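Read through the structures below before going on.
What follows is a pair of complexes built around subunit A, which joins subunit B in one and subunit C in the other.
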Partner chain A sequence: MKVITANFVTCAVKECKTAQTSFPLHFHDAELEQQELDFQPEFIRNILPRVDWEALRVTANELGFPSIPESKPEGEALDNEQTLRDLHRLLLETHVAEGKLVCGNCGHQYMIKEGIANFLLPSHLV
Partner chain B sequence: MLPTPDTSHVSFDTIYEPSEDSYLFLDTLSSASESKWLHERFQHDPSPVTTKPTPLVVEVGTGSGVVLGFVAAHAHEIFGRRDVLTLGTDVNRNACLATRETVVTAVQEAQRQQSSTGQSESDSDSGASKSRTPHISSLTADLCSPLRPGCVDVLLFNPPYVPTDDLPRLPSAEENQSAATESTSRSAKFESDSFFLSLTYAGGVDGMETTNRLLDAIPEVLEPSRGVAYVLLCKQNRPEEVMDRIHGWRGGWRAEIAGSSGMQAGWEKLVIVRIWRG
Partner chain C sequence: MEYLIRFAQQHESFRLPEIEALATLAGIDLEIISYNDYAPYCIVKLKDEAAARALIRRSILSKDIYELWGQGSTYDEVHADVRRRTPHLWAQYQKTPFAFHVECFAGKRSHSTKMEIIQSFSYVGFTGPIRLKNPDQQWWVMEEYVSDVEAATPEGMPQSAEPRKIYLGRKIAEGNRSAVDKYDLKKRKYISTTSMDAELSLVTANMAHAAPGKLFFDPFVGTGSFIVSAAHFGALTLGSDIDGRAFRGSADGRKDGMCLLQNYRQYGHMSQFVEAFVSDLTNSPLRRAQFLDGIVCDPPYGVREGLRVLGMKDGRGKQPVYIDGVPAHYRPGYIAPKKPYGFEALQNDILDFAAQTLVSDGRLSMWMPTASDEDVEFPIPMHPNLQVLSVSVQPFNNWSRRLITYRRLPEGEVSDVSLARSKADDLGMSADDLNAFRRKVKT
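So, the complex of A and B:
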């Protein structure tokens, strides 16, 4: 599961959808893997407009990537190759192999095994 | 015709084997008329003023992953750009594992083909010409339940559409773990396999119970301005009625038949409906 996934998922519990604290889900006990992928600066530039930057900063922090910029790179900052390379590495090359995603609203824990997160709910939460 | 992804690594004990409906998806999305429609909506424009961000393509109920793998491998032909993110969900963890392998392999194979034929037609179009379509994840989940509202650009769904007396219940998180282990008895394995297979086809009343839940989720999960969904229906699902219903949704929703197959007495057996805000 690539790190960028955390920008597109939220708690599967219906009541949590409208709660601000259900996004982003929080990584706990994450084991990371790096899988190399061709670096394409254009690719990162096209992804950035759709990234929720605040959420990404939370995720990056939890996974031990402290160096991402405080605000989303725009304009000239998009020509900075090192910035784009760092983002490429974080968003597309870093995988979460094992661990949990935890909802900040209801506290439910979604297990990640072999890179597959399990969002099926126990019957009392459906 | 674009090559079909390899699914020879997939065990079809609990996973739907690619069939006529799966192939209708491949043919529809890569047809001249549909890829033209999708190009207009998603093609990358290098001018910085009108940059269209990378689309997120989500398949719900991926099974073997043959459809998502096809889209990932042929994103350039279908959408006019190679930078597409793919994500799949399925209630069966085995299907999630199979899908990840199918998609990654299909993309690698397409790359190999491209470099061996020295294809260069697109080298100048976006700078992203060589990039691989990254499969960002396969999630074990019920339909779109874990997806953030408004984030899906292209939603694909080949549902369990066969009318059945009963709708199988959803598997629990724990069941999926035990289904992956080998320590069960033969009869328990048979029962579990049959249960997971029933989820791939059994649609309950009119074959629509699961599809209706997916349709209900579409307005929330699709990206508000450019989101589009493709849903396959069979004749018993009464596609005309389903499309009428969508036209009645608030917010200017449209539904059109994008592809069909298997004429029977003047009726298509299977259709793929495109759903979008007009």
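So, the complex of A and C:
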């Protein structure tokens, strides 16, 4: 699971959708991998307004990247190529190969194996 | 200026919707002057040659585009039209290496007749070398006859030894039909019985405006036909499926990770791949925020793949199960129970999901079956926040399916859904009870 995806997922349990503590899900026992991908600045510029920055800071901190800016780069800051490259590195090139995502509201754990997260729920949570 | 688009003579009801989608995507003013489902030639009005190139560049169902030099139903009319439209253009091509071709759609001409036709245009005065391979410019005479297929229709015209319509055009640019061969399922590393063919997958991605910088999602990703096509046009892509085996691949067939990734690797799109995860659309973990530029999908409708969502029939399974003190659902090899679901309920779920997650002007392109039999024809699913842009039909022998493209309306705009039918059909017991379509086709 990539860092960007973690910013767009929350707990699959319906009751948790409205609970503030269900987002972001928290990584536990995360094994990180880096992968080099083509830098596509137009994608970063397009997607950044849709990223929940507070949640990204929480996720980045949990994964050991504490140095991301306090506020979301906007306007002229998006003309700075290094800023976009840093975001590209964090959002797209960093992924969790093994680990768990845990809901802060209900405590349900979603397993990540070989990079694939499983969000299927047992029947008592549907 | 008028231009001629030469379409591929197949998937007819997809041709105009695709070209209109591409015009919107490129911000081009497009006016359709003449079009016929039974012939490949379509006359359009565009601002200039640059617009013609931009329009055709990504088209899957267009072979190429021509500057229209003349048209008519007889050669006398064509010559008069060429003399009227183009004398000011003749001088600039006088010395250009060129080729002149005659193409007959649904008709035939002998070689000597074709030569006579070409000679009849000699008044344009081209003296440059004739070069059949790599000419600088090409002119095509295109003759349109009434085809067998059209003659057999109730309103069909009688067939004739003479063409119904004749066009002369200067070739400007080609479409993207080479991609159909590149993505041919026969040459793809990882496919399944339900993989959508390359041509219609690419058309689907065009209808949904897949493009660089955008984020696309397929909630029924399977082996990834649609998101691979979206990646071809430069989008970054997400996919999910209730059955992880679909994209993960079977354990023993897997050598280098997820099987779906082999397709991205094969086509050189690794940088367009964001994620594949296991989830059920009716219980999706994706946030209900507007963050997707496009959704492309062919939802299961229960003919080849039984339609199932998470949960148990009869409301059973409401208590967690523990095995040796450990919740069963955290044990290795746990399989979440699934129950049958109605195909119309699922479509409503897809529209709700799309309305919540697409950005303004984001697009949903969704396949669904339709039946030619009036009794079981499904209405077009509708949603107040989604505008139906186009509906195209692919007929088969005993059933047909259609591709519907929607646009997420900006806040404050609402579409008319009075034609839609609301039906809660998620309460039945078996897949067949829930699914009139499956009952009809399976027999």
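Quick notes
Keep in mind that, in the parts below, the second predicted complex is superposed on the first by the 126 of 126 C-alpha atoms of A that agree within 3 Å, B and C clash if a C-alpha of one lies under 4 Å from a C-alpha of the other, contacts with A are read in each partner's own complex, and residues count from 1 in each chain.
FYI, contacts are C-beta pairs under 8 Å (C-beta built on N, C-alpha and C of every residue); 3 or more make two chains touch, one makes a residue touch a chain.
Note that the structure is predicted; figures quoted are calculated from it, not measured.
For the composite obtained by overlaying on subunit A, subunit B and subunit C cannot both be accommodated without a clash. In the overlay built on the shared chain, the residue A:17 is in contact with subunit B and with subunit C.
Of the two partner chains, subunit B and subunit C are each touched by A:1. In the superposition on chain A, A:43 makes contact with both subunit B and subunit C. Of 114-122, 150-158 or 186-194, the segment of subunit B running into subunit C after the two structures are fitted on chain A is 150-158. Overlap of the subunit B and subunit C contact sets on subunit A: residues 1-2, 4-5, 8-12, 17, 23, 37-38, 40, 42-43, 45-47, 50, 92, 110-111, 114-123, 126. On the side of subunit B, the complex with subunit A involves touching residues 44, 51-54, 56, 83, 85, 87, 89, 91, 93, 96-97, 100, 126-128, 130-132, 134, 136-142, 145-149, 151, 170-173, 176-177. Every residue of subunit C that touches subunit A in the complex is listed here, in rising order: 212-215, 236, 238, 240, 242, 244, 248, 257-258, 270-271, 274-280, 283-291, 293, 310-312, 316-321, 327-330, 334, 336-337, 359. Considering their complex, residues 1-2, 4-5, 7-12, 17, 23, 37-38, 40-43, 45-50, 92, 110-111, 113-123, 126 of subunit A touch subunit B. The touching residues of subunit A, counted against subunit C in their complex, run 1-2, 4-5, 8-14, 17, 23, 25, 37-38, 40, 42-43, 45-47, 50, 52, 92, 109-111, 114-124, 126.
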